[in-house]
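Look for chain A in each of the two complexes below; its partner is chain B in the first and chain C in the second.
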Partner chain A sequence: MTQIFVPRPSVPAEDATPKKPAIKVFRQRLSNTGAVGPAVTLTLMAVLYFYMRPSVLSFDGIHTILNAGTALALAAAGAGLVTVVGGFDFSVGAAISVVNVIVATQVGESVGSQLVSVLLALLVGLLIGLVNSILVIRFQIASVVATLAASFFWGGIALLILAQPGGVVPPSFAQWFTGDVGGIVPNAAILLFVVVAAWLVLKRTRLGHAFYAVGGNVEAARLNGINVSGTIIAAYMIAGLLYGLSGLFITALTSSGDPNIGAPLLLPAFAAIAIGGIRFGGGRGELTGAIVGAFILYMISDLLYAFGVNSFYTPIMNGIILVVAVAITAYASDRRWRESSWLGRTVHRIHPTRGKVVQI
Partner chain B sequence: MSKASIAVPWRRKLFSSDASRSLAGVFGVLVLLIAVAPLISSALTPGLLTQSVVSLGVFTAVVAFGQFLVILVGGLDLSIPSVMTLAGVVLTSQTIFSGGLEMVGVLLVLAMGAAIGVVNGAGIVYLRVNPIVMTLATNVVVGGAVLVYTNGTPRGTAPEGVMNATQGNLWGVIPVIAIPFAIFVSIAVVVMRTTGFSRRVYAMGSNRLVAYLSGIAVNRLTITVYAISGCVAALGGILLTGSSGMSYLTLGDPYLLLSLAAVILGGVSISGGKGSYLAVVGGALVLMTISIIMSATSWPQSTRQIVYAIVIIAAVIASRRSRGK
Partner chain C sequence: MDNQFALKVENVSKQYGSTTALTDLSFEVVLGEVHALLGENGAGKSTLIKILSGVVQPDSGEFSTAAGPHRFRSPRDARAVGIATAFQELTLVPQLTVAQNLMLGQEPSNGLRLATNRALAEASYELLAEWELDGLDVELPVEGLPLGVQQQIELVRALGQSAGVLLLDEPTAALGAAQVEWLFRQVVRVKEAGTTVVFISHRMQEVREICDRVTVLRGGTSAGTFTAGEENDATVLQMMLGRDLEKAMRRKQGGIVGEAVLTLDRLTGTSGFHDVSLSLRSGEVVGLAALQGHGQSDLFMTLFGARRAASGRIIIAERDVKFRSPRAAIDSGLGISLVPEDRKTEGVILSLSGARNVTLPNIGRLSRFGFMRRKAERAEAREIFESVNVRMSAIDSDVSLLSGGNQQKLAIGKWLRTSSRCSLMYDPNRGVDVGTKEEIFNLMNLQAASGAALFFYSTDLEELLAVSHRIFVMYRGRIVAELSEDEMTREKILVAMLGQTETQMEAS
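Up next is the complex of A and B:
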């Protein structure tokens, strides 16, 4: 019977070796970031993409790709952070819709009003994240249920603000996000660079470590003196901030408001998270991976479009990619496979020496 | 392990104060809502309200059975909306399923729903994909398939036989759809109270490893549970199509949140292993009552959606509180 649940040494093997060559340490660090797989996939995908569509290999072409993929990339990064701490955030679509309709109805020609709109969008994002985290932490509602109900709520708010698609965004505002600096660097690239840099810094802080600790094992994190509630609230609020940015970007891109614009982003965001190597259930993954995953998805859908495949097939493709990516991630690591948790529940296994069922 | 030693704790579990308290609570709220409804709108007489609650609540109650089973085993089924829509569009598009052949069409659609459930279960069990992710993906894939199949615009009307079984009132009082509803709930309750299947489901839901070590084929049972969920989602889609006479692309959309909310209002623990279906039916009827009362107001769709979301969250919190959690 115990053969099925093979005992594992509790101490990781690499701790036993006293010293390792620098290149090995570097490789270990690189693979620990979890960004290698997605980066390799992106490179392969980009080669394939530019081979199939050489006309896109120009400043304008790359600018178009960046503009088209950034909204999804930011949304996936936000939902990815919630996934890292072990939750699910289904409010991503509604959050983007609310930000979109607010900006589309508020923004004016003057720089002042545009700044106010940006601040308002980010504040709304933070508020949405705060509400989610209160439902999850204070009222102990499962994150799926809480964020699903919250998305229903925010969807209603979006409809209340703007019942029908409409509203106009001045081109000067759109240029902030979709324009470029001196014809060399697209603004979208700068935005993504700032987000990635902020994440890489955040990751190394106390809070960054806490995200992974809480996502890996809530109880262990609590026993180690980590403020679990604060960490989860921070994760949802940062996610909300990213939804705010994503909503701003999509508003600039479409130059109008639509109360249902965010809903179709939900599944691609989760597919991007899966491609990016973030584990559902928490504790592993990189927001950069989710951003890369979003661009991989965009390239795939664009290739399908270029080959004249009906756009009805795009969601089918995204769904299959999501499952395959998650299955590969699960298969890649036997240990993670065995310990994969179901809906965040404690996984049981048989203790190697005591020979009885213990909770891990 | 004699039979009696298993049977006793199982009965105790089903008739425990926990389950009956949820049941009493949820039906108490239902009666209260129906009693105060005339104060909000004079058109909402208790008789009329009960009639519409039954004829509109049946869809949520039926699909919530699948969601209930899946949540019992510690999962979640997000593919319900697409399966319902698929059932609707397939049923209305095929004109051969009429004039006596309705039953063939219905069975075919039910089998399709079950097949989608098997895919869900197999992905969860064999590919080790998280249930939420797996069913989310299936939902979108099936939704895409619906678009491809209908080319964006569903056609046709529901088969005559299905419409006859779901529309109109018996003697002008009892909605016809109450008959399939009553049959379904009776079968479901009997199954969940008397069969070995239900015992295994509860056992697996409360502890998967112990269930496995006790000789339950947990993988097969998981797949069965998801297959049943797909099958009853298709049944919900069939009933809804029959009742409205046609199918449309957003047919199943409201039923994800509704089924989830009904299960939680019924006092079922989201982490699995606990709960009774009758209380879930009560939860579905409560949700529908609130929805009908709100539609009697002059509020726009957006306000109704906001209030509904708040009511659902409040109800979820209240049902947790009452169980002392």
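Up next is the complex of A and C:
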């Protein structure tokens, strides 16, 4: 008789790396991706909305939703990136306003001038990001203060360029962003591009690794040979670029200039960041989460409207969703949340860090 | 047992997610004794302390004091029944001053309920004097103080509660020799006053010195309790590890000591150290001894490019170099690496996975056109985990979930693939258990054997004597002694660390 049960040398279970079942791997991947919870929520909301109002489930209907949400989504993605590296960016609203008034006063009918306007918008965004990062790194100003100051400054510049709402944006320009170019919806394409690019950069590139390292702990990142200044500059500038893009969208949508158009986006952008699962303080979260978070915010008001609820209730609902979403993210992202919330967190935050730390 | 117990733990279990921290742990602390808890990292000591102090709640099991069974919901509850705790991971607020930290939550107030700075300071000085810690400026913010002093403040805060039970979670890990003595005096004092003390340490000698009884933890449960001095060190080690430890106390192996790879010529930092001249040779472990806060930290940081030097020269391969950043030190022809003082804030990044942490210094090499080469990244992470012997299942989870010893192994391991030929190790064995310490020594030997130069600072003299080929001693920012292998003795090092010459010692 052949021996079937050969006694195996006892190997501690944890040393062996067992092949996990595919479903488990899939679930683990899901839970590692911070944006999944918000994405599921958004999908459920969308399904409910389309069920309530089947007429919206059409090319035009979806197009309208995308148009409405894209500007905020891009703004939230930008500010979200700064949040990931451990900073705050309050200049998002003013940056959008500046871009808006510049484009509204510059853009003409010709394709050439429209192209110049687009480039100008993106450059202005980059510039605003660069100035922010210099204030934070070179002058060691806390990012909250630096970007708040920047917010006032650029808000003022916007007023200088265009004192009152006005300016005319030719429909041909708006068409490039919010229209329908040969059956393709440009905003969907651009949004998709931003989503993919953001994911690629954060997950698959050296720079992305550096973003999370710096956001996790500046001093440790530096001692690992990470170029902390370069990383922070990159984060703020990419954020600025996204503000520029956001400004272009909002300009196309409103077809005019308004020096105060960006300001109301500031708080919703931060709400979207929180709903999207990005941790304030840095080191965790994904830009796709912020983008999804922005659409959740829009979907809330649409849903309430579909249910015939007075729109005054929308802010109340936003507040509730915000708290619930953040509580769920915190709970899901940290299994030890319940046990360690009292001391564990406090300890990490206040553990002494020596040496000069770049304030961000 | 006819002795009355101060603490009794019965069948306590605790899980963190899928990690089991404690299983069915039972033991008793007798009223008025100093009870030591020994065990490897991950044996469950810290979890036990957290349960006893109300920071976390056990999943099952009973826990009682003399007053009866308890179920703490917060540290406040533990304090209310007279349990005071000094945590290893300090709970001081770094931005606040010493006085504010000491008086946190118990500020002396005048009629308006305002705590004046003066009143705070006076009360703090009183408290410090009571615990023999005079001469500390209580107006200084805590974050600027050496780690040892911060630990002392944390200890005074716990001592000052005049509690019935005092829990000390590895208090000596961050303390220098003189500070340890100070602590032991205080422990004896509170014991005489009737307080029961639970004392966690990795150092067998300390346990022998002040503890009455010892409980050894292994794998989350008790491996036995005995009266101090009853078992010899070898037996205790075996209890801790669950296996025989073939210990070669003289661990010096290293490689063939070669040429100087790094030479310092009157190097002076912007703060902390002056006129340091020394050279590190390939294949050699050079030890550095000093009391806390004598410039060793600044010296290491400057050598790694994390601080600027004020004057003097750093010479590599007969050329003067100036490091503007750690990156420059890592990329210099020599390839310098640093295992920093504080692993939690400097060594590893707690919010990143193990794999991300160990590949972080190499993301340049592991990427092409800015994109990570994921297979290479993965393979390298696995290799490093294997060579430092950290379980593979931890590779994708946050390092914050790992024990301190494993975190430290990763903080060392991440340099193994950087072609580093000069390792700066700042007290790498602080707060790690005996088993891990052995592994770290082995890693150090391996590096030296392959021709790297090691610069090794430690608060533990035994350790320095065991592994160093040469020892430098720093005092007030200057090198005051260089001892060759034949010259180095405990006494000589101690004398130099205290800033005295031997003749002075003899005279006094």
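Criterion: the second predicted complex is superposed on the first by the 266 of 360 C-alpha atoms of A that agree within 3 Å, B and C clash if a C-alpha of one lies under 4 Å from a C-alpha of the other, contacts with A are read in each partner's own complex, and residues count from 1 in each chain.
Please note the rule applied: a residue touches a chain if its C-beta (ideal position, glycine included) is under 8 Å from a C-beta of that chain, and two chains touch if they have at least 3 such contacts.
Please read these numbers as outputs of a predicted model, since none were measured by experiment.
**Student:** Please work out whether A:139 is in contact with chain B alone, chain C alone, both, or neither, and reply first, second, both or neither.
**Tutor:** In the superposed model, A:139 contacts chain B only, not chain C.
**Student:** Return first, second, both or neither, reflecting whether A:149 touches chain B, chain C, both chains, or no partner chain.
**Tutor:** A:149 contacts chain B only, not chain C.
**Student:** Just checking: does A:160 make contact with chain B only, chain C only, both, or neither of them? Give me first, second, both or neither.
**Tutor:** A:160 sits against chain B, while chain C stays out of touch.
**Student:** Based on the superposed arrangement, let me know which partner A:283 touches: chain B (first), chain C (second), both, or neither?
**Tutor:** In the superposed model, A:283 contacts chain C only, not chain B.
**Student:** Could you pull out which residues of chain A sit against chain B in one structure and against chain C in the other?
**Tutor:** 340, 342-343, 348
**Student:** Considering only the defined contacts, which chain C positions touch chain A in the complex?
**Tutor:** Those residues of chain C that touch chain A are 16-17, 50, 55-57, 74-75, 87, 89-94, 142-143, 147, 150, 297, 301, 304, 306-307, 325-327, 330-331, 338, 340-342, 344-352, 356, 359-361, 363-364, 366-367, 370-372, 374, 391-393, 396, 400-401, 414.
**Student:** Applying the document's contact rule, which stretches of chain A touch chain B when the two form their complex?
**Tutor:** Its residues touching chain B are 1, 88, 135, 139-142, 144-146, 148-150, 152-153, 155-160, 163, 266-267, 270-271, 274, 280-281, 310, 312-316, 318-320, 322-323, 326-327, 330-331, 337, 340, 342-343, 345, 348-349, 357.
**Student:** Can you tell me which positions in chain B touch chain A when the two form their complex?
**Tutor:** Going by the criterion above, the answer is residues 74-76, 123, 127-134, 136-141, 143-145, 147-148, 152, 207-210, 213, 256-257, 260-261, 264, 270-272, 300-306, 308-310, 312-313, 316-317, 320, 325.
**Student:** If we count contacts the way the header does, which residues on chain A are in touch with chain C in the complex?
**Tutor:** Residue positions touching the partner: 14-15, 17, 28, 32, 204-210, 212-213, 215-217, 219-227, 283-284, 335-336, 339-340, 342-344, 346-348, 350-355.
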